[in-house]
């Protein structure tokens, strides 16, 4: 795939991801009659199911990162050329903001408006660290053992993480930036975004270190998340 | 498969799809005690799960389009012979109305009655454009890279789209027409159907253009949505 | 597999299925605070997920019918020897009652007590006809085109059918008999069971006729629902 | 894989599992506004989805037991060397407590505090027996017939078991011990833990006996739960 196609895939995929996260959050809050658990459950199911579709839709083109933390981790593992890191991240961030605007348009809101939803403090940062650690762990572990199933593993992880972390698991710097421009269910105050992003990057780095040690010998044809591989390769079992 | 078998598959599959959408909408609204989020959640889960079953049930016969927008997009990509487009669409529309009547019969309602559920305006049309753009994108992207997984990708996408679009994602002209004959949870006023259908066709056209560019070289044995292929083919990676 | 193993698998599998249906119904009704939609949603998710597990757990041994309507349809298609039909059904019915007793034991209820839950009338019978028609259609269609995915297709179908039929889709004579011995959320009055069973058998017969016509040439190694096959076989496309 | 890697995988995986179970329980209870069914539904979906991710993440390394009952059953079947049983269990228990602390940290609670949630009596013990019987049955049945799908079968089973057993299906001695240190939605009084663990071990033993009889001839390359195999092997059908 040419770089142009891959950047369009990252941008369009991240836009659809944000449209799903923000749009389903608005719909859920409007319909839930004040029960936040029901709203978050709908938001969770929409996001998890949507991720399956999006990763399968774009994975064969760009790897379906949709997330600067994933791109940086893959670049560290030499799965992404250094010169493509910034273009990938730029496409993701631009797509994320476009997706928020698309969602606001569907629900008759202004295209962008700063969030007033406070999300800060050590518990929240620890949540984002754990959330991103797990996400990167799922991607490395699954893509090195059974890459064809990675889309389902990632979506299942995020479904769980919306509930088991106190922050509802942003786990994505591009998503964090764009959600600061949405004063809805899924929003985050702009002032709180840097803390989230730092915790996410720390979690991603820790996971990359741990899971590279756990999976020591990636095969030559290892692929990034969501990319189609000839089939699940067999992990080396001889040293067991 | 003979054309007769394929048309019966499209008609019967679309009928069961509408029975699922309308029937689960009636059941959900009756039981939900006024909480629309709970009703839509049940309607969503029933529709998403039902789509998995229906696409697997009929995909090997007709491709399991159940949707004129899909048939037109596939015909544009030369996956459906021009002479079969109208028969396919006729079978889908006839099946859709039969499915609405089947659902009404199960719940003791009149077979058809015009909906009074208003769904109109730019936000709704933009929602239908986005919903159908994504649906066609999922079908093209997935069927060109991992066709065996398309049934799950399509169902996951619709599960998300019920929530992230303001229109609950009809994304299907045959479904839109038939739901105008059901004055229940899933209905739409007959007068509002043309706006939905135009937005759906525009979204399908846009997605066909974008995703044909993203996936430039379909293999000779590429199949339409839901059709079984010998296995996930490997996208050309040499130009990466 | 020996017949003994297959009968134990059918009996144990049907027992666990009933324990899931009845047990999750009791739990759901106790916790739902009177909101029937929430109770049915929990009952649905437990049943659908449980079916995936049970069909994978026993499919390679007995085919994982758990349902006399399935066994009769498979026997009609010559996938089950005539002499094994009655033993299969006996194992299913005995297992179903054992499963109801197991569930009642878990929730501190008497082992059996006749249900007072009225479920009768043309709308209910039509619902059971549609529900069983679809179930048998899913099994035949999927097992003749992609047998390895049948467990997921069947579970997805039942998940949808709990909601889109007015009867919550029993679709199984053994289940119907056993649920008449449970005066809980999932129960049915003994007097109403015969009507359900007749409608189920009619639906199964209709589906067997229709889907045998739709899938005319089963390959020699076609297997019954849930049985593991060497891989998804490729439907003949040459007559398309 | 070296033993060190496998023990880290078991410990880290069990820690994340407990973080998911306890964390999502806290979140669900806080948001559900007193409706326990909604809280348990969210807890269920988070746990089931999380299990898919965790088993895929660590299965290729350690088999993804996360459960002393699984390790003991696998050792009985000679799939785990005797000398590794205690290290596996120690890693699981240590990981389980770490996971509870991690969850409490995310939600601003003290790292450990004894639960006051009473769960005792014959109905509860029978529930744990059934829950663990089914879990071990799913693992043996699926890993001997279609090992690549085991992660989904196990997660689906637990999703059902949260609802169809009166105890919400702990089915895991390490989980039981660690949840006694959490006075939250998912907790259990320390005094009630031994009864649960005994019932779990009895259920695991019964399932190991029954399912070894049902699946008499494991192939030489049979693997434990979650381990990647070259593909679904075909059960011997010649004695059918």
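Descriptive notes on the structure:
Order of writing sets the chain letters: A, B, C and D. Residues in each chain are counted from 1.
The criterion applied here is as follows: a residue touches a chain if its C-beta (ideal position, glycine included) is under 8 Å from a C-beta of that chain, and two chains touch if they have at least 3 such contacts.
All of these numbers come straight from a predicted model, not from anything done at the bench.
Both copies, subunit B and subunit C, contribute mostly unmatched positions to the interface they share, with under half of the numbers common to the two.
Chain copies subunit C and subunit D are related through a rotation whose angle, from the C-alpha fit, is 90° to the nearest 5. Between the CA-based centres of subunit A and subunit B the separation comes to 27 Å, rounded to the whole angstrom.
Mean C-alpha positions place subunit B and subunit D at a centre distance of 38 Å. Residues of subunit B in contact with two or more other chains: 35, 38, 41, 45, 155.
Listed in rising order, the residues of subunit D touching subunit A in the complex are 1-2, 5, 8-9, 12, 16, 19-24, 27-28, 31-33, 35, 38-39, 41-43, 45-47, 49-50, 52-53, 56-61, 102-103, 105-108, 148, 155, 228-230.
Taken together, the subunit C residues at the contact with subunit B in this complex read 34-38, 40-41, 44-45, 48, 123, 126-127, 130, 134, 137-138, 141-142, 144-146, 149, 152-157, 159-167, 210, 213-216, 232-237, 239-240.
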